[in-house]
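Worksheet: one structure, shown below.
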Amino acid sequence: MEPTLNSYLVLSAVLFSIGTAGVFLRRNLITILLSVEIMLNAVNLTFVAADRYLQSADGQIIAFFVITVAAAEAAVGLAIVIALFRHKETLSPDAFTSLKW
Amino acid sequence: MGLLTLLVVVPLLGGVALLLMGRGRDRLVHQAALGVSLVTFVLSLLVWAGFDPTSADYQFVERHAWLPDFGISYHVGIDGISLFLVVLTTFLTPIALLCSWESIESRVRAFGFFMLGLEAAMIGVFVSLDLFLFYVFWDAMLIPMYFLIGIWGYDRRVYAAIKFILYTMAGSVLMLLAIIWIAYYHQAVTGVPSFDLADLLAMNIARSVQTWLFLAFALAFAIKVPLFPFHTWLPDAHVQAPTAGSVILAGVLLKMGTYGLLRFAFPLFPDAAQTFAPYIALLAVVGIVYGALVAMVQPDLKKLVAYSSVSHLGFVVLGLCALTTNGVQGAVFQMLAHGISTGGLFLLVGMLSDRRHTRLIAEYGGLKAVMPKLVATFLLVTLASVALPGLNGFVGEFLILVGTYSGLFEYARVYTVIAASGVILSAVYMLWMFQRVNHGPLTNEKNRHLRDLSVREWFVIAPICAMAILMGVLPNIFLRPMEPAVRRTIQQVVGGAVVAGVQPAAVPEPAIVVREAN
Amino acid sequence: MVTQADFAAVAPMLMVTLAACAMLVAEAIRRPGDRMPFQVLAFIGLGGAIWASWASWDLHRIGFGVIVADNFSLFLNIVLCGIGLLTVMLSTGTSDRDGLPSGEYHALLLFSLVGMMMIASTNDLLVVFVALEILSLGVYVMTGLRRTSEQSAEAAFKYFVLGAFSSAFFIYGVALAYTVAGSTRLDQIGLHVASAASAPDLILTMAMVLLLVGFAFKISAVPFHMWTPDAYQGAPTIVTGFMSTAVKAAAFAAFVRVFLTALEPLRVDWVPVLSAIAALTMILGTVVGVAQTNVKRMLAYSSIAHVGYLLVGMVAANSAGKAAILFYLVAYGVTNLGAFGVLAALSSQDRPHDEVRDFAGLGRDRPGLAALLTIFLLSLGGFPPTVGFVAKWHIFNAALQEHLVTGQSNLVWLAIIGVLTSVIAVFFYLRIVVMMYMSEEKAPAHRPALPVLAATGLAVALIAVFYLGILPGQLLAVAADSVASIF
Amino acid sequence: MLYPIPLFPLIGFVVNAVVGRRLPKAVSGWIATAAMLAAFGWSAGAVWRLLGSEPVGGVRAIDEVVFTWIASGSLDIPLAFRLDPLSAVMILVVTGIGSLIHLYSTAYMHEETDGEYARYFSYLNLFAAFMLVLVLGANFAVMFIGWEGVGLCSYLLIGFWFTKRAAAEAGKKAFIVNRVGDFGFILGMIGLVALFGTLDFQAIAAGVAGMPVEATVGALTIITLLLFLGATGKSAQLPLYVWLPDAMEGPTPVSALIHAATMVTAGVYMIGRNAVLFSHAEITMQVVAVVGVLTALLAGTIGLVQNDIKRVLAYSTISQLGYMFLAMGVGAFGAGIFHLYTHAFFKALLFLGSGAVIHALHGQQDMRWMGGLRHKLPLTFWTFVVGTVAIAGIPPLAGFFSKDEILWKTFAGGHTVLWALAVVTAFLTATYMFRLLYLTFFGERRYAPGAARGAHGAEHLHDAPAPMAIALVVLAIGSVLAGLVGIPHVLGGHNQIDAFLAPSFQAPAVAGVVAPAVEAADEAIALERALMALSVIVAVAGIGVATLVWLRRPEIADRLAARWRGLHALLVGKYFVDEIYDAVLVQPIKRTSTALLWKGVDTGVIDGTVNGVGLVVRGWSAVLRRLQTGSVRAYAMSIFVGVVVTMGYYLWR
Amino acid sequence: MESVFFWVFATVAVAASLLVIGQRNPMHSVMLLIVSFCALSGLYVLLEAPFIAVIQIIIYAGAIMVLFLFVVMLLNVPTEEAPTGYHARLLGGAGPRRFGAVLSVVLVLELAWALSTMRGTPLPGDAVAPTVREIGIRLFREHGFAFEATSVLILVAMVGAIILARREK
């Protein structure tokens, strides 16, 4: 079966959802960040697939921007993780609940 | 700047000026605050002097564009109804300030500021002819009162203050929506929005719509009045407020509710007003009896007076709902009378509690032997409150009852009879209280050496007594100038509907004549 | 070709960026112990941006094809830079006490302002996304800037994770929109939406939902609000003030631009959802605010509630409603910033001074600050004659006006919920007032000095609160004017 | 000029109220008395002018509008006075007897301090002023000023010794019970305004005259019944008489003036004033008559067993007032007013006499501790005898003529049952009054040293000092002679007072046509004379019984009391009306107010709802804030749920 | 042919992604994510987007993931610990996690439903991949501003990362 646009889009949706699931399933800050990366990648797939469909280059360029943003996010995110780790020698998100209610 | 604007501005700026005075000069601050309020009083007398009592029009009108895109203007003016409420405000404020000279010892500057700010806002409410402006003053007034209760009140002051402000706000915010609604209804009809009372009165609102808008207005005013069963904020607020606060609260603030009904709710929504008047009147009647019965068994002087206000204001609302000249005239007069006599009662209770730091009736007894002068004035004010003819309370109640009897709705006569029983009940609770406090043997040793009225206190209470007698003996001074305005208002409510039955557009509109104020 | 006009259009952003870069340079050449004139740089940059925006009024420049310097953008530029200026002023003193590294703090502040100005001015979803990230990353970092504090780090982390999560949704929305519309430009999307409006396009709808989520997160609308209380509480106080006002203003600007221009034809579709969100936001924000004991957290819930009112303006979405949003943003900006400014002025190195009981007896201790805080709180509560009242009134004005024109009954309900919740909100604002003036308790006295600049900032906020409360006419007109430029 | 009449005592009041406390007793007492005398003089002058004036439309009257009091809408109530025969009689009684009582008081109250003394006289003057406003008022509203004003003064004077709890209670009770009546009065006024648009007596009378007499319950009946309710309060009739016995806690001259001679007769006066109105409501008239006679009988029976000298007199007053109402009810307005006028003399005399006794015994009021005083207090005794005989209805003293007039008119009007009851009452009156006389002045002395509370013992009893003596003597003379203005035709008199008053009881329009004095038929004359004789016999019988039981064979009283223990207890307990009112009205109302309304409705329901709303909000707040768990994944979940639900909405809608 | 590659890459991407979130060792997760990215890169090639495919490998898998690896090793927490404490259980427990997973499935279904409106839309067969030059020109012409904006973004990220991660003096 020839992959249609829809195949790519649905694949992208599946990957995106896996990313969201990762945020809930994992008890590790790094994995949570990884899950967000999965989501961004899924989005990129949509952009590129759409580009192919639209016969345009914009999608690729946007994907490029998204990768950049992902890099920036990763940098800041990891810095925050390091800062957190300094305070409390753990990477479990559930350990950081002093702010609540 | 016209006189009415001055009336608002002078106390406000005076209050701000107080804040700028140096620390530690409490005496001077007290005097300055009194001075400002007296100047305001004189200004209000000038307004009275320049008032044309034969005219039903608004006078001293000032109108400046404010937010023209929204049909909002700074539009003030007075007629016979608001004139006296303004004068009542300016009359009671100096008295309330003077009565606090010794009892308010902390944060004197702030106290003066809030009192004068309150005065400005109250006057603003009474002179506004633009609904937006009215609401601004109406809401702004809550803040100083909140602080007066909350800072200088008694032990449960915080609860009372918050209850006061939330209760009143809860009612008035819906009115705000109704005000906006009607302003844009004006836009839907004429193309431009308008918050101006005159514009809005000139417009016919569909009956179904009137119902909701009227209810929103009526709720706000009913809470302020307070009408049974929206009254429970009042006893708390009264009991906890400092004397000056209680005086203003009872004397003026409550009148804003009845004033609002008369000035806004009824004329703006005549059909709904006529539909609902009987029900409101029913609540008023219930309030008369209920307030009296509950007042009767209160152990706390201020609470007793507070519930008596519920009862008395029930009379006022009843008179308004009658929508007859006598009823409304009586109601307006009763507003003034209640302001004087209940204000006086609170002053006296305040004097007692200044001396003894308790307001429990059981703590007193036999005071007449130690403080004959104070008790004499107490008696006079009590009698004014129980509507002894010849004193201020009678005229209003009598006219209200006369007016209600010929009221338009079905059970008007029954209401009259029940309301008249308030005559008995008011005597019961007031005299019983008076007797327990002032008569009998001097049972409590602590009361033996209480001092009688001081000179300052004479200046506080004497004007009240004088007004009580003056209003009782020469009520026409007040009734004459208000009659044209009262008639006009009734015409707006009743006349409109009567005509509307045949010919919807023919509501006679009150001409707003700009009279040169200066 | 890149022309002068392109640069003129982005001049405000450029100035602020340059100022921020100058700060970084200054920080780099700073020797330990030196103080650098960061405030001066900030004033130059922000002042220049304000001036540049003012000078471009009515010129409708377009820069690089994606930056639209219409009156709407310019208005927001001015507002954002104004907030920035106030923040800089109010930071004096408190930033040292909180141990914020001055150079980086000011630079990040300005950078995130650049992102905000960008997000408010662009007509390209891609730029919206990038700008969103700029401002977000700046704010995440500022949130975590109190590095000795675990709470600060935790707040930054939560804000970051959720922010990244939601911006993934946002960019997915952009992707879907791009898929169906073939462009990320708002005008192109608008054309597509308008032409395809007859046949409801599910993908487009999904794109709309995802974009909505992205914005709703930034403005902290329920149920995308949960980061707000934590981030607000943990962040340095003055940063909280900045976040709650500037970020919100910028995000709302983009929200308005996207949803009321490109997605305007889908209004029937998004109004019900937005109404529900608005109602939930108002209710939850106020109700949960009641139980708070931490003032910053309480103000966070209050800000959530205020978002609800702003959303009512969105739902009304007539010209009055749009102008009302802008006015409200200004009103909320000066008021809330003022309130946080007071809080910040009170915080000391060892005590954040943000629990309600910390305020006990403040009316005697610091009468001036207490009075200011009271006024700001009353303005938040919507009492006349403060700007808060006019702002709320204007929102409800818009709602009811729209109702009378279109007969949308949800607007009436929203208005009723709005006024009732504002009553509840008064309860918790007044709790602080109660503590300051009416409490027998007495918190330990603490009087960090109030620097002149901070005092000036508070005075400016105070004057604005009253001036705009009594004579809002001009600002209302300007807001209406600026709104007219994009619709 | 009529307004000076009330103005004089008003000025006296103001002077004594303001500066009285700094004046010596002589001065303040003199000021008050002088004010009364001035009022009396002015009244006399005014009445003289009235008598000399030309009747207009058959009525001599002086009308005076002082100023417009209340003007609202079509309602216009002037502060107007009207002097006509009826009010002429009243002002003379009020100022005349009032003056005497003031005079008497100067001595009686002499033991008070300067301040209290001045206070007493200021109240007394204020009372006189209000009473004069009441009787001179030309409309209901003005009358009501006086009506309430005298109630107020009564309250103040009853509670004059306010440190005595009983006195304070009694004052309050008087005011409140009166207020119950006023409730009716006000409603009556409102009805009149609704019906006639005015409160002016003349205008109302003119209006009523054009209406048919109401035989069923109509507007007039309701209005008059309401007004009568007011009258029962003020004039201590069933069911509102309960305050008057308690009112005896006040100083005795007050009892004489207010609770015997003047104020309590206001109700009678009011009906007389509105004779035309009341005559047009048949049912009301019957009610008035029945209430009057029942009150008379009831009070008489209670009076029979009371031991407090003033209380006996109080019940006697109630009883006599019942007579007056009987007269009013049967349409004998002239007779009623005549009795009012004579009663003022002898009852004031009796009270003042009892006051003299009390004064002599230093406050002892219980007759069981008196006795044998006739030698010690001769002047008091003899004047007292005059009063007693007068009230008992022995000719030719004043009481006989007026009472007999009432009895005859009742009988002649066909109200046989009422007449019979009235006769019984007359018997009782004679009995208990002579019981009083015997117990006080005859028999052995029971005021043994130590029993009398006085400081200087009972042995130094002294008779009334000069001012008191003067008052007693003048009143005694009055009690003898006052009846002479009303000697009935059957006894060869001309009943001048009836003729004099008659125009006041007629509508203005018909007033001109005074019906020519109907020459009574012979048999009627005979009947009247027979009945007259009967009443004298009854009175004498009553005296005889009293003499037997309380003078000759005192043990009979005890035996009777023992024999009819229940009845005796009932009478001594005053039929337990106070207790019944307390149990049926006062306590339930208090309890309902406290438990149900205040604690239940107010605090519980209404405030509970209000606070409940607050609690619910707080409760939800506490619950919802728990959603904010602090866990970032929960927050993400919230966002995610938002996304999924929103998407779902669009997909499934 | 293309479809075979598509399915292979798709399967690898999904499986690798699932494994990323499916096991506890972050080190393994990072490695698996690189695998997933490589599979995606393959898909980009299939989509005639070689430029982005290369970028994906070089920047994403090469740079960003290395950064992750670096941090994982720096912090040296190989596996996640079991939840402790009441709240942790409440939120990290099986129930909420399952609920999250279910929601993710729902999200897939919803998106698939929405995307199904485009079912059967064939990809243009004769597409010519835009050259890098074309991409570059577009990047700097059409998206020049965004590009410049990105520089600010990176600057912010840099400053932020430094200031947050550097040790307290």
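The first chain written gets the first letter, and so on, giving A, B, C, D and E; residue counts start at 1 in each chain.
Rule of thumb we're sticking to: a residue touches a chain if its C-beta (ideal position, glycine included) is under 8 Å from a C-beta of that chain, and two chains touch if they have at least 3 such contacts.
This is a predicted model, so every value here is computed, not measured.
For subunit D, the chain with the farthest CA centroid is E.
Ranked by the number of C-beta pairs in contact, the top chain pair here is A-E. Legend note: the chain whose CA centroid lies nearest the centroid of all displayed protein CA atoms is B.
When chain centres are set by their Cα atoms, the one at the greatest distance from subunit B is E. With each centre defined as the average position of its C-alpha atoms, the distance from subunit B to subunit C rounds to 42 Å.
Once the centre of each chain is set as its mean CA position, subunit C and subunit D turn out to be 78 Å apart.
Centroid to centroid, with C-alpha atoms defining each point, subunit D and subunit E lie 102 Å apart. Annotation: 65 Å between the Cα-based centres of subunit A and subunit B.
In subunit E, the residues that reach two or more other chains under the touch definition are 87-88, 91-92, 96, 99-100, 103-104, 107, 110-111, 113-115, 118, 142-143, 146, 150, 153, 156-157, 160, 164.
Subunit A has residues 9, 16, 19-20, 23-24, 32-33, 49, 53, 56, 58, 65, 69, 72-73, 76, 80-81, 83, 86, 93-94, 96-101 in contact with two or more other chains. Residues of subunit B found to touch two or more other chains are 166. Chains touching one another form the pairs A-C, A-D, A-E, B-C, B-D, C-D, C-E, D-E. By the touch criterion stated above, subunit B contacts subunit C in their complex at residues 66-70, 107, 132, 135-137, 139-140, 142-143, 146-147, 150-151, 157-158, 161-162, 165-166, 169-170, 173-174, 176-177, 180-181, 183-185, 187-188, 193. Chain contact summary for the complex, subunit C toward subunit A: residues 126, 129-130, 133, 137, 140-141, 144, 147, 150-151, 153-158, 160-161, 164-165, 168, 171-172, 174-176, 178-179, 182-184, 229-230, 233-234, 291.
Residue ranges on subunit A touching subunit D, taken from their complex, read 20, 23-24, 32, 93-94, 96-101.
Contact residues on subunit A toward subunit C in their complex (touch as defined above): 9, 12, 16, 19-20, 23, 29, 32-33, 36, 39-40, 42-43, 46-47, 49-50, 53-54, 56, 58-59, 62, 65-66, 69, 72-73, 76-77, 80-81, 83-84, 86-88, 93, 96, 98-101. Residues 1-11, 13-28, 30-31, 33-35, 37-38, 41, 44-45, 48-49, 51-53, 55-58, 60-61, 63-65, 67-76, 78-83, 85-86, 90-92, 94-95, 97 of subunit A are the ones that touch subunit E when the two sit in their complex.
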